[in-house]
Amino acid sequence: MTDFEYVLGLGDDALVAAQRLAQWAARAPEMEEDIALANIALDQLGTARLLLTYAGELEGADRTEDDLAYLRDDRDFHNCLLVELPEQDFAVTMAKLLFLSAYQKPLYDRLADSGDERLSAIAAKARKESAYHLDHASLWTVRLGDGTDESHRRMQDAVDRLWPYTHELFEGEHADLRAQWLATVEAVLADATLTRPADGGWTPGGGRQGLHTEHLSYLLAEMQVVHRAHPGARW
Amino acid sequence: DHLQGYFEAIIEADQKVEPRDWMPDDYRRSLVRQIAQHAHSEIIGMQPEGNWITRAPSLKRKAILLAKVQDEAGHGLYLYAAAETLGVSRDELVELLLSGRQKYSSIFNYPTLTWADVGAIGWLVDGAAIVNQVPLCRCSYGPYARAMIRICKEESFHQRQGFEILHTLAHGTPAQREMAQDAVNRWWYPSLAMFGPPDSDSTHSERSMAWKIKRFSNDELRQRFVDMCVQQASVLTLSLPDPDLRWNAEREHYDFTQPDFDELMQVVKGNGPCNRQRIEHRRRAHSEGAWVREAAAAYAAKRAVREPAGV
Amino acid sequence: MTDFEYVLGLGDDALVAAQRLAQWAARAPEMEEDIALANIALDQLGTARLLLTYAGELEGADRTEDDLAYLRDDRDFHNCLLVELPEQDFAVTMAKLLFLSAYQKPLYDRLADSGDERLSAIAAKARKESAYHLDHASLWTVRLGDGTDESHRRMQDAVDRLWPYTHELFEGEHADLRAQWLATVEAVLADATLTRPADGGWTPGGGRQGLHTEHLSYLLAEMQVVHRAHPGARW
Amino acid sequence: DHLQGYFEAIIEADQKVEPRDWMPDDYRRSLVRQIAQHAHSEIIGMQPEGNWITRAPSLKRKAILLAKVQDEAGHGLYLYAAAETLGVSRDELVELLLSGRQKYSSIFNYPTLTWADVGAIGWLVDGAAIVNQVPLCRCSYGPYARAMIRICKEESFHQRQGFEILHTLAHGTPAQREMAQDAVNRWWYPSLAMFGPPDSDSTHSERSMAWKIKRFSNDELRQRFVDMCVQQASVLTLSLPDPDLRWNAEREHYDFTQPDFDELMQVVKGNGPCNRQRIEHRRRAHSEGAWVREAAAAYAAKRAVREPAGV
């Protein structure tokens, strides 16, 4: 049977990614991008809801998507560190999205063919969305990498900063997805005239075990504040 | 002359004026002003509701609110596109917004203080917008009328969502109910003020009516809105903060207290609670995004050189 | 008898000011200033605790300082808007502190002589601290105003932005304190080669009635998150 | 020679070397390195605890924590002043910190994840610091020894506060108790690693001992710390995360599992969870504050011209 914490981790990835993307609402660099980022946030949020609902069923303790989203502390979140990092710079947002979607796409492809019918149905829907996210992030990575000097510098800086966090995506059973991920990402970086960072050195992790950065608890404090202030209320 | 006559005949016959048609300069200017103001309002209007996306109290509500704010960006884009058919560019209009030379709806200069404000904005502010905008679907200028049809459809969806939020809160815990009533109390008069000054003081109305840009007067629309809200408030089991609100059997309308038009004028002049915050937020987003837009332009220029059209 | 909401408002001013100042911890422009800002934050926090405790007693509903600080929403906070405004710029912090301390000082002077013994004792302690805050803020206002072109521009900008919010301080029974406040502040601004903004136009208010800016609820979400996550716990 | 002989006699007699005294270059360099690293640790150490000031769960705890972080800034200042007596400036040392050429204690490269971490840092990290630092109060270099006396007094105050936080949590609700145990589990081994590599691998120790900068070996101090913590943990009713921890009657010490020194070396090399975050935070604070420091300098220069000394 599919593991509760595994599904929870996937759901938390999507939920935290959605929350970070939603912070761009009404402050994207152009209006079309406001719409695109909201779209992607909505996709991630939609997948998060399906996954958290399913995780709750697997757990069998009657926890709903909202119980799981709003009533856990950061020590009980299983998302990878990548998605929780702050993104004040649009280049960081695009680098995160590139790395995340290049991982989610093949992962969902695989899950769509898994024996678990529920998970397979969720993944079949999500993989189409991931393909769009990957296209969007690739397009911007290339534009920014091959745009102006400033945008090149910012995009390279974002890629360099985030690269160490991508190792965590391929921990354990996902190790073999890295080859495909690298092929995708390396091609985009090359197109974008960006340097692919070296591996090794610092490889932060721990998110899947609930050991997060100091950023996540702030994100959750904001996300959960209204829900927690009204215990037991319906919305 | 001939062109003027043709234009007047179109208006008379309730036909649409299209971008290629001749139109009087004042008609064009008047439309640009109105459509631009409407577009700016959609863009600025993303802020007060966007303020609660990250804090929405359920994932379902978060998704609905995110989609709504996204719709507003979309409405902004349709409307800027409609204005562009009149020979101004979106960049020019955005510049006029950022420099304060063009306005947006004053309603967005009030703060959203609690989650219930998202409900109250949906119910009252979108409700007032619909009452204002439904007649614009028959506006004499084709592109604007068509944009409004699409927008009104989505707005009524938003209004129903706002109503649902308030309904859930009003039938929830005592704290939720109190939050809902408080939000309605704060948004009621600003919503009434959305219909503009009383007909006696309205500057642009008469000509707009003649041109069939506008079809009803401010006071007529305001009355229509009040009548609609009274019914809905009773379903919500929430009260409207007007002790003088009562049915007038003679007029077959509700009597009500007018909003404070002096306050409205203060807000229009820039002295509402959030005018500075809203415009600064927009300016900051615009200036912080400049390097991204420049990069996109630089990349497009490189591409154009590398891959000439048709290759 | 002294009014509960009045004392609560004074306490909320001090509490919210302390919370904003505490956000500077470990990021002040120089190490000495880290110490000074912490000192001032501690003073404000100390006064806030005394005032909130006293407010709780006046109310007579057994609410402690922590109940009042941690279990109210922004609609029930009575602080002036000035203290809740964000302060990412050191010039804004100093302008806020100048305006606040030039108001708290004569206010506490007056309360120290009031017939309410408790309030009088609290104010007698607080006014000495306010005198120090005022000195510190005046010193920096002059240094920044009469420093470099950049610091002058930033300091003037901060003064201009915050000036409208100072009108709220003198609502109602404090109206007559404004003359003394103006005398203090105008002298500092003159020393600092800064222009005293014109009155009139925009005079935001509402804080004393619980009508705040959109910033306060974020501040409270962060401040209250741990306390609220553990209802009834002792710390 | 004569000076060398005098220096050695001072050391031998357990007297203090003072700034005006001659000292060997290596002694000076060694002290500068150690005092600077200690000062940097106080400054960087403000961050992990500072992370919880705005979220402290009671006003009393908020005040205590704020005062503690303030004390750390004060310790940083004493220590930079002590280093300055050796002929380096604070600005130079800060530059060495920001550029990564000088280190700070690796313990601060771990994140503070919950409120209980504030307790665990106070109890374990300050506890370890005290065990390390108490012997430094007798260090042969006068200014450092005197700074340490003052610092140790405050540190033991901080340690007691950390202990109290954990004691309250451990005797509170089940969630609080769990939070406390979790924090102790996470901070235990990093705290043991604070005493540095095992004596067999320690590079600078021997000479420092001869010069009476250091008085006990890393392993001696680590053992002292373990013995102390076992007693206190039982009062806290919390366990230490080491299944092999037990009293050894022969040694009259507790046996314990050594920390993972490979992990320590990784963190020292820059690969701990928060190395980048901590140093970037410090760099950002420094660069964002540059305009303020420049303004203060410009103002002081103007004053000096306007009001010459003595006027």
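Brief remarks on what is shown
Letters A, B, C and D mark the chains as written, and numbering starts fresh at 1 in each.
In the analysis below, a contact is a pair of C-beta atoms (placed from the backbone, for glycine too) under 8 Å apart; a residue touches a chain by one contact, two chains touch by 3 or more.
Just so it is clear, the structure is predicted and the values come from calculations on it, not from any experiment.
Remark: among chain pairs B-C and A-B, A-B carries the greater number of C-beta contacts. A straight line joining the Cα centres of chain B and chain C is 37 Å long. Between the Cα centres of chain A and chain C there is a gap of 40 Å. The distance from the centre of chain A to the centre of chain B, each centre being the mean of the chain's C-alpha atoms, comes to 34 Å.
Annotation: 58 Å between the Cα-based centres of chain B and chain D. Residue positions of chain A touching 2 or more other chains: 73, 217, 221-222, 225.
Residues of chain D in contact with at least two other chains: 55.
If the chains shown are joined wherever they touch, the resulting network has some other arrangement, not a path, ring, star or complete graph. All chain pairs in contact, by the document's touch criterion: A-B, A-C, A-D, B-C, C-D. Of all residues in chain A, those touching chain D in their complex are 73-75, 201-204, 206, 211-214, 217, 221.
Across the interface of their complex, chain D is touched by residues 15, 19, 22-23, 25-35, 38-39, 41-42, 45-46, 48-49, 52, 65-66, 69-70, 90, 142-144, 146-148, 150-151, 154, 222-223, 225-227, 230, 232-235 of chain C.
Against chain A, the residues of chain D that register as touching in their complex are 51, 55, 111-114, 182, 186, 270-271, 273-277. Considering their complex, residues 43, 46-47, 50, 53-63, 66-67, 69-70, 73-74, 76-77, 115, 165, 168, 172-173, 175-176, 281, 284-285, 288-296, 298-299, 302 of chain D touch chain C. For chain A in complex with chain C, the residues that touch the partner chain are 73, 217-218, 221-222, 225, 228-229, 231.
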